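The same subunit A turns up in both complexes below, where it pairs with subunit B and then with subunit C.
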Partner chain A sequence: MASELFGYRPLNTFFHSLDPRVKFAIFFSLTLPAVSWNDPIYLTALLAAILAIGRIAKNSFRTTGRFLLYLVPALLFLLVYNLLFYESSIVSARPSWNLAFLFYLIPVKFWVCPCGHVSLESLVYASGAMDRIIIIVLSGRFLLSVTSPADLTSLMVKLRIPSEITTAINVAFGFLPVSLAQLTGVVEAQRARGWEAKSKNPVTLVRKAVPTIVPVITRSLTRAEFLAAAISSRGYGFDPKRRTYLREIKFKGRDWYTFSFLIGFILIGQAIGAAAWGLGWADYRFTTLILRHLLGLGPPCLWHPLGPC
Partner chain B sequence: MMPRKPLLNTRQISVAAVLGGLSLITEAFGLSLPGYLPGVNFNLVGAYLSIATMAAGPLGGIIVTILDSFTSSVGFYGLPFYWPHVFFLALFYKRIYSMKSTAMKVVGYWVVTAVALFIQYWGWFFLYVYVFKFATTIWPLAVYNFVGVIPYATFLAIYALIPGFVLVTAPNFVRPNWNFPYLKWVTAASIILSAIAVASQAGLR
Partner chain C sequence: MNTLKRFSPQLGSAEAKIQTQGAIIEFKGVTWRYQEAKEPSLKGIDLKVDRGEVIVITGPSGAGKTTLCRCLNGLIPHFFEGELQGDVNVAGMSLRANDIPFLAAKVGLLFDDPSNQLFNSTVEEELAFGPENYAIPVPEIKLRIDEGLEFARLENSRYKNPHALSGGQQQACALASIFTMRPEIFVLDEPTSNLDPYGAQLIFQRLSELIQKGRRTFIVVEHNLETILPYADRLVVMDRGAILGDGKPKDVLKQVDLMEGVDLQVPHATQLAYELQKHDYAKGETPFTTEEAVSLLTRVVPLLLARRPPGRRSDPTEGERDVTNPLVETRGVEFAYPDGTRALNGVSLKIPEGDYVGFIGRNGSGKTTLVKMFDGLLRPTKGEVLLGGEETASKSVPQLARFVGYNFQNPDDQIFARTVREELEFAPKNLNLSPEEITRAVEAVARDLELSKYLDVNPFSLSQGLRRRVAIGSTLTLDPKVLVVDEPTTGQDYSRAKVVMELCKRLNEKGKTILIISHNMDLIAEYCRYVYVLKDGFLLTEGTPKRVFSQPETLMETSIVPPQITRIFQQMTKPALPHDVLTMGEALEVLGIGGASHGE
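Moving on to the complex of A and B:
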């Protein structure tokens, strides 16, 4: 039940069978470069890698595509923001050459317009920003699609997170069907009474949501008291430090190989990325220069876009 | 060897679990208020984490944030950015709870929540600028949230309205029977870390 809420499917794939620590290492090895690089070529390669490993983990492209649809507003915002404000907000990462003008975002003559000066450079920068957000979101999605809730709490135990926290999280996962039934019950009952939370003003929306949220919370408070009694009656809390567990996670051969590969990937990838960035190759300006060459716009220097030729 | 004292009692565990579970479900079903940022809504986690912090202390609030991050639109990245709010609220909550006048209690709660939310915001600006690159510097976000008033007012309503109601109507439930070691210092550290993070993104690229 809990797993369905965040997209976990119990399948028998290589990625499903890995230790949860390795799965988190995969997540970090995919997102760390995405945060530190801004070159769309590098980022698109990383995105292709995520889609490929997602496919190996039997995540269908259709589901991924449907999930990406939710990102469309954020991606459009990123695109428009970066196109509109590139010239005023990018200072140190601005190319040393004149920007290649493409078109105006608002071409009509009106007041201060035509405005929204779109250049090749701003378009490349914006596409890198969009790539990055897709990578971060899809990596998180991948992590949750191959990691069961039980694995996550086992991981927390292994990381020596206090048993009170892992117990609370375990209880929450076990309790999700009850909480879900309670939430839908309250929402349906209020809808039957004509409740509707629609308004353009968010503050009014909060006020309108109160008749549903209040019964949900008050019922939860009552339920929490019963739950506490149930946990106490089972003797919880005698010696939390020396609790025993039915299942403990352990690194196997494939976990070691994969983990070593990932550590190597992170270190070499970051080192190459840092060295390349110093030369300007992993920077968005490198891709811009390639495009300028292809479009015959005559860039100053291809092999070192940040410095003199 | 003496067994260690539990960090949370069974009641606090169950409060954190129930509210955290609700927060996870609320996020998973998209029961949030649209219009904060494109692709990011006004989520209701604030109400749950505030009540959990009041009833179970900072650890209760932290558990709610962990559970919420499983289905949150920003994922695990958003997790630590709620914590300055949790610690700040916890730091002043016992004083608010012990106030005799109900009106003063409510006013105190809203004021502390408003300050905690203001502090929490800056960490989120860092996340949106450094990780998600929603903007190239924190200032457009600061103007949108604080000068634009509505985003801040909406979140303040989410964080304070229902928890304030619970504080007044069910005071026994949210009685602060918890202790958290070095809370003053942990709160200060979380605020300083947020300030450093956000200062790193205050300039132009």
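Moving on to the complex of A and C:
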């Protein structure tokens, strides 16, 4: 269940077949523009591209949606934070025109309130920030879903990381489903004896968790011994220097094409973005201006929103 | 350890020319004691195995079988710590002088629990791991993977996570991962003890294929002698670290005193011959397959019937089952896991109070999902579960725990406390019972389960059998009406599993309703009064064990094979014998040569 949402999914798609270095390049190509620009229109287009790429890698929209549900608390926090502190924290990227007031977050009159001045500009800025987080997290999820632990191992081998470390990482990934199943088993076994871990007091909560922590640790130690015996029994450590690898990473044609495309995408994208930004187009203020036009709020100048009209 | 052989070009390949003659394994006076153990696990073992032989090793728990296997690939003494005397020569290499990777190149060792030996992310990587370690060139590894996948019938699971496979497939994957190392010797340590009937069947098929190819040497530790002995050249019986019997299977099985002296699950066919021999029939015959036993009975039964009339059978499971006021009831229960997997499809059943019920079927048939509904660990997506006539939907798991005690397969999943007393107090404390009630409950359970002298002992220091008893006891302190025991026989030898079943029988006699999930049909036939057979989330059939095991064709759908004694009687045509005989005692009654008290 959890691995379906977060982990590697062994499939045979175009993206799965790429060299792990190219997969990392895809990740950087998607996240770099996201951290460079904050225009929600541009970021939404980037998000659409990520969803499309994810679909090609057979990540269904449904599971992506379920995955995004886990982000809701973080996104809500980001939204409220940006709405509350937009006016005090945004200085250089502040528009030259007066903000279009929409509403107060806390409209009730008491003490220093009404407070939480929400403007069209702060709302657009906050949605851009949320877009960024979604893009970075989905890019990471995409990377994890198409990159097997063996890919990571191969990459580490290429980087001359000792095989003791690469094998340990590979085994840790491979054993994750068993550990999760074991945890579920232990929790169910204790629940069947009336155990519940509900408490508002954090100290009590930790104390209540002991009946699950102890069996998980003891079972894990036992398993670890069996596992180490199994690994040794398959010739591990015979001659680490001469060890061969089924997956020897090597750039193939598709890797070169994809990598070249990504380099082009990054360079051209950044160049156009920089030029557009110079004109004020790759910025959240550009989106704000369009919205102001649509809402009849009268923008100062559509041609160059950052400069004087 | 200083003289251990490390890598040398001569040993650079796992491939070895397989010779076909001469001893390939030789134990010379081997004694081994694990660090911190009081007694040695192996005591002066002398054993010689010729190339190409198939050796079956059997014996009760603690006999030293697994320890002996560990000696073959160097886990002993190079991985497990302890004291070794004597030496083992494996394929020309001394155990003392060669480290695990050198010995493992010649000896492929398969463990009992598949989940503990699969550690890669895909089946393909699992099969590649061994050859990679031995620096086999990648094109050759790819060839071996293809062969391994074909051998394990896992061609369509190449990129799947091994842990996503069924139990039998997992063990087949583990076997294939050894197969790709091309060892000269296969050592299989109870390869089917953790599997359901389907998984066991799958492994035996793969194993028989391997054996029939010849040339390799096999050491197989197995309790299910009926299935493995037809392939065996020799049978070795171990007990308490020593070899008690070693020879051709029939010669070893002929030693009735030896076989009866060790707590073993001897095939029913062989047991039947022992009993007949006690009455001067079947002298010198030692059948172990169903066919051999049928042939023997076909000759002997007419003589028996001519001398004495057939006995009358007593049937404890016969009689009407009153389900007008069921203690446990399900009505059209359906369940689907969050990923959409449908585990139950409209299961309806009624279990009266005081019943002793067995749930059987393949892994994934819905047995565990169904019984988890009874104590609220899972809730039906459709349908109702009623306990004592009341719906459980509105009741919490702790509330239901007072009604249904649930015991999981592995007692170590729940044991956590510093003393047995604390462990037994855990459930009543969770339900906020008064201190007096808790003390009373703990003392009563400790007395019933003979745990009184262990109350202040750390449960982790107890034997597995005692830990299982503590685990059962810790659910009984809530005095539930129903006790669910999930897979008490998996990974256990017959005698240990029987101890749990006997304990449940005692509790049943005191009024508890017992629900057992098990893959051991001998125990189900012997102890249960009613059986539910599940397949793909449906109730395939139900009835008394006699009724259920009289439907071999129906059971075949879910790979369940009735006890051997039942099959022997079902296959008898001249003269025909009753088809619903379940236990040895009953068989002897039918043949008029014994009472119902015979053990299995």
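Here are a few things to note about the model shown:
Methods note: the second predicted complex is superposed on the first by the 215 of 309 C-alpha atoms of A that agree within 3 Å, B and C clash if a C-alpha of one lies under 4 Å from a C-alpha of the other, contacts with A are read in each partner's own complex, and residues count from 1 in each chain.
To be clear about the criterion, a contact is a pair of C-beta atoms (placed from the backbone, for glycine too) under 8 Å apart; a residue touches a chain by one contact, two chains touch by 3 or more.
Nothing here was measured: the structure is a model prediction, and the numbers come from that model.
Contacts of A:Tyr70 after superposition on the shared chain: subunit B is touched, whereas subunit C is not.
Contacts of A:Gly235 after superposition on the shared chain: subunit C is touched, whereas subunit B is not. In the overlay built on the shared chain, the residue A:Asn12 is in contact with subunit C alone; subunit B does not reach it.
Look at A:Arg223: by the touch rule set out above, it reaches both subunit B and subunit C.
Legend: residue contacts after superposition of the two complexes on their common chain; A:Gly185 is shown touching subunit C, with no touch to subunit B.
With both structures placed on the common chain, the touch criterion links A:Ser148 to subunit C but leaves subunit B unconnected. Once the two complexes are laid over each other on the shared chain, residue contacts for A:Leu102 go to neither subunit B nor subunit C. By the touch criterion defined above, A:Arg193 reaches subunit C but does not reach subunit B.
Contacts of A:Leu32 after superposition on the shared chain: neither subunit B nor subunit C is touched. Subunit A uses residues 171, 173, 175, 210, 213-214, 218, 223, 227-229, 231-232, 236-239, 242 to touch subunit B in one structure and subunit C in the other. Within the complex, the subunit C residues that touch subunit A are 7, 12, 14, 70, 73, 75, 79-80, 99-102, 104-105, 108-109, 111, 113, 115-122, 124-125, 128-138, 141-142, 145, 159-164, 177-178, 181, 338-339, 372, 375, 377, 397-398, 401-402, 405-406, 408, 410, 412-417, 426-427, 430-431, 460, 474-475, 478.
Those residues of subunit A that touch subunit C in the shared complex are 1, 3-4, 8, 10-12, 148-150, 170-171, 173-175, 177-178, 181-182, 185-186, 188-196, 210-215, 218-219, 222-223, 226-239, 242-246, 248.
Interface residues of subunit B facing subunit A in the complex, by the touch rule stated above, are 3-4, 6-22, 24-26, 28-29, 31, 33, 35-40, 42, 44, 47-48, 51, 59, 62-63, 66-67, 70-71, 75-77, 130-137, 140, 150-151, 153-154, 157-158, 161-162, 165-166, 170, 173, 204-205. Per the touch definition, subunit A reaches subunit B in the complex via residues 2, 5-6, 35, 70-78, 81-82, 85, 89-93, 129, 132-133, 136-137, 140, 144, 162, 164-165, 167-169, 171-173, 175-176, 179-180, 183, 201-203, 205-207, 209-210, 213-214, 216-218, 220-221, 223-225, 227-229, 231-232, 236-242.
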